[in-house]
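Following this line, the structures themselves.
In what comes next, chain A is part of two complexes: it sits with chain B in the first one and with chain C in the second one.
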Partner chain A sequence: MSTPFRTAEGGRIDRATTLQFTFDGRSLTGHPGDTLASALLASGQHQVATSIRLGRPRGISAAWAEDPGGLVQVEEPFPEPMLLASTVELFDGLVAHGLPGQGRLADVPDSARYDAVHHHVDVLVVGAGPAGLVAALGAARAGARVALVDEQSEAGGSLLSGTDRVDGVPALDWVADAVAELARHPEVLHLQRTTAFGVYDDGFVLALERRTDHLGAAAPRRVSRQRVWRIRARSIVVATGAHERPVVFADNDRPGIMLARAARTFLHRYGVLPGREAVVFTTNDSAYDAALDLARAGVQVQAVVDARPAGSPQRRAECERAGIRVLSGSVVTGTEGVERITSALVAPFTDGEVGAASVIPCDVLLVSGGWNPAVHLFSQARGRLRYDEVLGAFVPGEELDGLAVAGSAAGVLDLAGCLADGQRVVRAALSALAIVPAADDRLPSAPEPVVPAAPLVLWRVPDTSEAHARTQFVDLQRDATVADIARAVGAGLRSIEHVKRYTTIGTAHDQGKTSGVLTSGITAELLGIPVQDTGTTTFRPPYTPVAFAALAGRDRGRLFDPERVTALHDWHVAAGAVFEDVGQWKRPRYYPQPGEDMETAVLRECAAARTGVGIIDGSTLGKIDVQGPDAAVLLDRLYTNMMSSLKVGAVRYGVMCGVDGMVIDDGTVLRLAEDRFLVLTTTGGAAKVLDWMEEWVQTEWPDLRVHCTSVTEQWATFPVVGPRSRDVVGTLFPDVDVSTEAFPFMTWRDTALDGVPVRLARISFSGELAFEVHVSPWYAVAVWQRLLEAGRPYGITPYGTETMHVLRAEKGYPIIGQDTDGTVTPHDLGMAWAVSKKKPDFIGKRSFARPANQDPRRKQLVGLLPVDRHTLLPEGSQIVEFVADGELPPPPVPMLGHVTSSYRSAELARPFALALVKGGRERVGDTVHVPVNGTLVPVEVTGSVLVDPEGARRDG
Partner chain B sequence: MQLIACPWCGPREEVEFTYGGQAHVPYPDDPAALSDEQWAHYVFFRDNTKGRFAERWNHSAGCRRWFNAVRDTTSYRFQRVYRVDDPKPVTP
Partner chain C sequence: MAELLRTHPLEAWAAALAELPDEVRITPEPFVAMVDVRVPAAASEGLAVRGTPLPTAPNTWTPTADGRMVWLGPDEWLLTSTGTVPHLLEEELRDQLRPVGGTAVDVSAQRIGLRISGTRAREVLAKGCSIDLHPRAFPAGRSAQTTLGQAGVVLLSLGEEGFAVLVRSSFAGYLASWLLDAGLEYVPLG
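This part shows the complex of A and B:
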């Protein structure tokens, strides 16, 4: 494929290597160093897409992230929407197409890796242009720890777009030396292709490094594709340069219309001519460089159209020497062409009046309306902006602690000035950090700048035609025009934030990089107020779009949240367990045998525990070792019942409440010694309960001599449950007398198995005779297997959490957080017996006396039995009451409460549920109704204990 | 993301900390002696200050110690941190 617009020589591209790519189905070629945009322009293609609302042709209008025109979707090697042709580096095999404003997400998973790195520096310099390089060098030479990040593929910033000289050599030679010097400093991190996209509190900056995007299919898979750098900087130097600003005129959106600097970039960096016949429209001196450079490169520059009455006498002379016509006091009022500009309409412009237009043929129109310093990061740091009337731009308007702006980003537009500003700013930053600049930190020299003629601030070319206003595009990405701003102002909007939201200007992919300040200017003009009074809209992160995949980094899939597994996990997996997540724990839910579904497996497991023996891995139970002379005092204050009276060797069930009297956790407490307790909490409540203990000990009772330590992971716990559990435990631990008399309910004993210490506790969460076996997790598998062996003659059956839930629910034991919701007191649960009347105070006690907590209509835990003996009530179902037999009260139907737990019971041979019901204990024996799939199911209210209410089974 | 100066660990990332509400709201000496209204004020009522506010923080993913801080609720900036047993600083 031919590249007729490629220059014969020059540019930062590798002409010896040719890359093949496909755009909109056409096979094209380019070189390493190209962007998709420069390669398209080399082939003569300006148009990339059509616009989102109006379907107008749109093309490449800038050479980097400020381009509102060149939106593309990459299809190969991996689909990614909403990229800019100007920022996609070319690689072999790239397949892309233009986007009319909206992309399409990939429908296959992204197989690339993304990651994040934390980094801490003294000085972070954002931007490796002239100011940024000088700043980074100054900080590095002073011995500071430095990070320099820059979003381009190579350092140099604006120097990549021109022909400047620094220190008497071509500027890019100086850049290469600077980069090499930085690389020699061990404390300098220099990252290219890295965009600092957000500034947050206390010097925290997020930067996105594109590590392998530019390699296409050749990207090594082991290297992350993109990396988020989380940089904490003591001082930040923002040297992000400036964006050229367009001028708005009718039909200013045609392909072939681009910013003047962009044309220089395409020429000098990529060796590409933007066209053959150019018109340059400017309000300032900078665009003359583009005209002169293009003319030297062989482009026919038809005219420089300078809106200033006198133009620039000096630049005019240069143009005359180059044979370029300068039309000062003139403006472009419109353009012609269909898919590409074919001519510019140029008219005299005197005292704000536009005269009759004449037609100048051209295939490219370069525009410069001045420069907008890239103040985004400064503004994100809540820096106030100030309107500079001379520049016609918003510049940093105050000093911030820890963040300073240097070079063009601060409004300094000449090279020598930028170099000097970089040094001045970094020295101030170093001084604030008490770092002394190095003696050999020399300021590089640049030619003394020629004082430019004053720029003219022109937001848009005056035009009285309403039809023209509708093609005077302000935000090309939103197809928003001067007419839209006029409509917003006409609707009474005054705030620039309101105008933005009314017109949608600045809300697209580019976030208003070229359109934002124009909107402020045009709005001010329409309102007849100074621009500084409209201000700008708020700059927010990210500066450029960041993929969610990059932000997620490694925190996806299995690494999204840590997984906690017990010492027996591999055994559970081998046994075919189906797991459920309990907090971060993976717990076996049930162990299906061939042909079983959950229901049949759970009925089998339940039956084993009720009639034979079952065993469960309860290692996830929270365990807290509470030690110290005042351990009993602490527990007395935190539990509703008395713990200080517990004897060593005994176990007590306890309930814990908040100061509001609501239950926050429950569990059993083992007294290990006079000054030592082992507190067992719920699996989900372990961390919370430890936090709760620490909070009271540290903030209210620092005088208590007590320490609380999590030992959840230090003990594997296996409840052996069922009428035959005594046989199993007695067989395996012959040293222990397991009779009820010698080892009564709610006591514990220490023993050993082959020299391994084991603790046994008679605790039951099922109502059956049960022994909890506690052992170090190092021996968990061995002890578990020994228990299974000992239990084989009795048909010992491992069971999971589902069976555990059924067994406990049949006994009316609540799960805190499932049967309670933070509005439930121990009395509501029918646990007044667990609330001490002797203790003068404990956390929650005073709240029990509040009238609201004594209301007999409070919701109370009860059992529900569906009358049809068949329906399984969905958990969360509402409970309603008929007013007359078979008749609901008029809507809204009052709700009595809800179902909190619901299971099928092997023991009862019917489904049952637990529920919180208003005045529930008073309703025992009543029939209420539960809507299930549109049908009202009658259920009988019962006490909460449905199996063995006398407690006859706990001793076997 | 802010840095919060833990009195024991020094400046650490905000995500390491949890907020504990208003500081200097001591557990009453004798809850039983309080009226329901007084008790409700202890349990449920907290100031909602605009400006400097003394509050409790816990370095929950660090040293796990509780401490107090004066923070400006409009700027989020911490003015100072101090130990739980230090007296409440005089705030304007």
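This part shows the complex of A and C:
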């Protein structure tokens, strides 16, 4: 429970409130404002886990997302793997443990909500550090629509880690004022805990906002836990700061070794000392701040080890005043300790030669090898990077349209410079958008920077020992070392992309934030080529890991895919329908009565339609209004058969083919007027056929005076089917003469029901006498109920898609897309009669003359009757030649075709099937075999029409 | 016989939608006659339909005496009318437009309207619509054919009065549940 490394005062934590949490089974405490990492360090714990391959102890080595070491698994409140202790905000009741590289997904559904929001701005600023805040203020003051996103829990960026002053006041006071001012601008969206993780074309940026993660179990359930912001920005300012870079040396992975800036962050932001005795190893001036700050906070700074021969004269003087020893021209060559560093090995470093090492005891070793600008988003936007010899880092190497980099992300490493750069960059962005900066947009002041001594670029401490190379870690998470890079180079790999994949460096959760540039540098060194030529691996989204749950957002459960329903849906539900998904439509498949399974329900429904009367909701049928003087011309070109000869009042079945002559859709066409047709398509083909029509009208035949309009949902459609359908329709619509003579097959009549227009059509998809009733869906429920009332004396039976399929299959009516597969012609379906020989041309016609189309061995639609009269052939079953001994010969067994539809028939009192069979029509009467569950089932090939082949029933 | 009753596609959703707080008011619009009007672009300039000139600026709509005229394409409009019986409106427009090569189709039941208003209206729509709905970009009189969630919609800006959403009737239930879900975070825990 003790936190011996917590400072007495300071930091951005709420010391008045204590939070309880459990790590690796230990009960610990922290405060609001802590991360899991800072709370662990406060208790004196550096080690978080052991490494994935070598099992070496690993600890917290950075204070944010660049940490390669501190991976944890959260268990409570909800299991989540692969989080970083340094980015998990502490909350009461957190239970977590360290992870050796691999976590465990929750085995229960995530009950948290996730969502997404689209947002549009003139200027998006990524990063609320000094440059980003100045940029956001400049854009906001100009009246622009602005979004400012920053991944930390509060604004300030690098200012949170130090003791800087801006405008003569503590920097964080200035930050607070800036944040308050932004909040007053109505067109500013300021989001903290929000990581811009991907930049895409045309100013599109994805950002992940962690809205309630930090609240733990107290998170409000109705608020999304995380939100993906889909931001479209006219201009993007990337002010993402820089990552400190380590230097590689032997045994550089022990707990207690961390980046110098991270130590300042833990001290100033969290009020935590990283240890009692520190050694600071640096190649540049910035780490001196860590040494001086820690010394002031009471840490014994044993030495600053500066690799530069002359070190930094001015910083050396500061250190001497503070009583800190500075060893210039020295490097750390190794460390000692197991679960925690106990000492650093320090040796003179002259002209690239490392001398004999001496031992300096310490419990923390701070390292700084310079700074890598966080160019990730710039690079994702395809910005070219340039290697800066002085910084030893890659910086933006060109100007991009609509995206500019400001502050340390552009390689500006001093505060005054970052503030000025933020203003310069946003003004350029505003200017490109023709937005005038406000007159009161003032640049805040910061102390004139002391010019730092030139940094030294040092990727790794020279070491000729092969054994040492195996503990010179480059990517701590992957346990990948200098020896691994050497092996990659030795194997002949020169491309940094290949080295990455060979060594796996940069492929862990941190995506190489600390190891990437090191790898470029060390590879260049080993190859003896300039670092610029090595380059970096490609930066790809996401910048930090994003949970799939966040990307899925609200598109899950019932909202995963829209459920389309007809006007009768609630009636179907109340009637106990079992639904089937047909595309996005929910269609009743059958209506089981108590005790019925699908088979019995369907047999009952089929019998009703064949012997009495049935009714089905066919409203999902696609419907297209084709109107204009050239409507008939268009349909003649689209259908294989003639439509222009159709009389007003009549209906014709038609088949549509693609340019390859293969059937793409079928349906009926009603001629409503000389210049107007109603085209009925399959349920699934509705949108496709309308697009098809538009494509031809718009691109090939713009001269045709015709318009096509979807009316699928303008008409509810109820086929009333069966020998008693005439009685039902005649009862409900007494003013229509429903006799065969007055209302023949394939005609339609308009009528009305209580003043509401109704269209009746004698169309049959079952072979039975049938009337389609078309009415506006506004009145669908009322008309459906009236039909049921009128049909009650005849036992009218609602039926679903399964019965519809059986009835049509018994008549050999194909379903396009089930009995066809894009390689089937009308002739293959036995529909040569539906292919006009008179029309000069229509889509698909030329293909019918191809020799392949004339081949008598083409697969043709036939019926199949299992000889045993009881086997239901599984749809998709293969069909093979009859084998006398009933044993399937060894493969390959030539395939004759496959079963496309298969049902039990009430009418035939046996199962039957439709199938595509090679030369099928020639084989009618033959017996073939269908392997079913390892047994060869003999089936008889028949014509495709199994019920009422004479068509005697269609008129009742 | 009794008069035939009409059934609104969102009847079952009305109660749940009414529970939303004032910040997000979602109200199904009543049935209205809607006709899809096609006029060759060349003939549409200055052409008045039922007294209102066809709007020719893309993605706009104009009010009419008893409804709206929505631009859907260079030669396509959606005319709505609260005062006319759908099939009679179709007939009237067919007769008027035939001489200029135009057509008219009753599509009254194809779509249903929803009114979305309140201080959070834009925020709720932004959860599933990628179009910029800020008043600077989408002022009153603007329209868009876009997707909301996964439903295709015609979206109209009504200015201060919020937005009108026209959605395919078969998608109305999906959209209503999507909107209720989107508005959930503004519903106080009661």
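Simple rule for what comes next: the second predicted complex is superposed on the first by the 947 of 956 C-alpha atoms of A that agree within 3 Å, B and C clash if a C-alpha of one lies under 4 Å from a C-alpha of the other, contacts with A are read in each partner's own complex, and residues count from 1 in each chain.
One rule holds in what follows: a contact is a pair of C-beta atoms (placed from the backbone, for glycine too) under 8 Å apart; a residue touches a chain by one contact, two chains touch by 3 or more.
Since this is a predicted model, take the numbers as computed values, not measurements.
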Going by the contact rule set out at the top, does A:Asp691 touch chain B (first), chain C (second), both, or neither? first
Determine, under the contact definition given at the top, whether A:Arg846 touches first (chain B), second (chain C), both, or neither. first
First (chain B), second (chain C), both or neither touched by A:Val659: first
Could you say whether A:Glu940 touches chain B, chain C, both of them, or neither, answering first, second, both or neither? neither
Considering only the touch criterion stated at the top, classify A:Tyr200 as touching first (chain B), second (chain C), both, or neither. first
Just checking: does A:Arg705 make contact with chain B only, chain C only, both, or neither of them? Give me first, second, both or neither. second
Between chain B and chain C, point out the one touching more chain A residues. C
Which partner does A:Pro777 contact after superposing on A: first (chain B), second (chain C), both, neither? second
Looking at chain A, which of its residues have contacts with both chain B and chain C? 232
Chain C to chain A touching residues, read off their complex: 1-7, 9, 12, 31, 36, 38, 75, 86-87, 98, 101, 103, 105-111, 123, 126-132, 134, 136-137, 149-151, 168-171, 173-174, 177-178, 181-182, 184-185, 187, 189
Under the definition above, what is the set of chain A residues touching chain B in their complex? 200-202, 204, 232, 659-660, 691, 694-695, 698-700, 702, 840-841, 845-847, 849-851
Seen from chain A, its contact residues with chain C in the complex are 113, 115-120, 145, 220, 222-224, 230, 232, 554-555, 558-559, 561-567, 569-570, 585, 625, 627-629, 675, 705, 707, 709-715, 753-757, 776-783, 786
Going by the contact rule at the top, pick out the chain B residues touching chain A in the complex. 1-3, 11, 14, 20, 26-27, 30-32, 34, 36, 39-40, 42-44, 56, 58, 60, 64-66, 76, 84-85
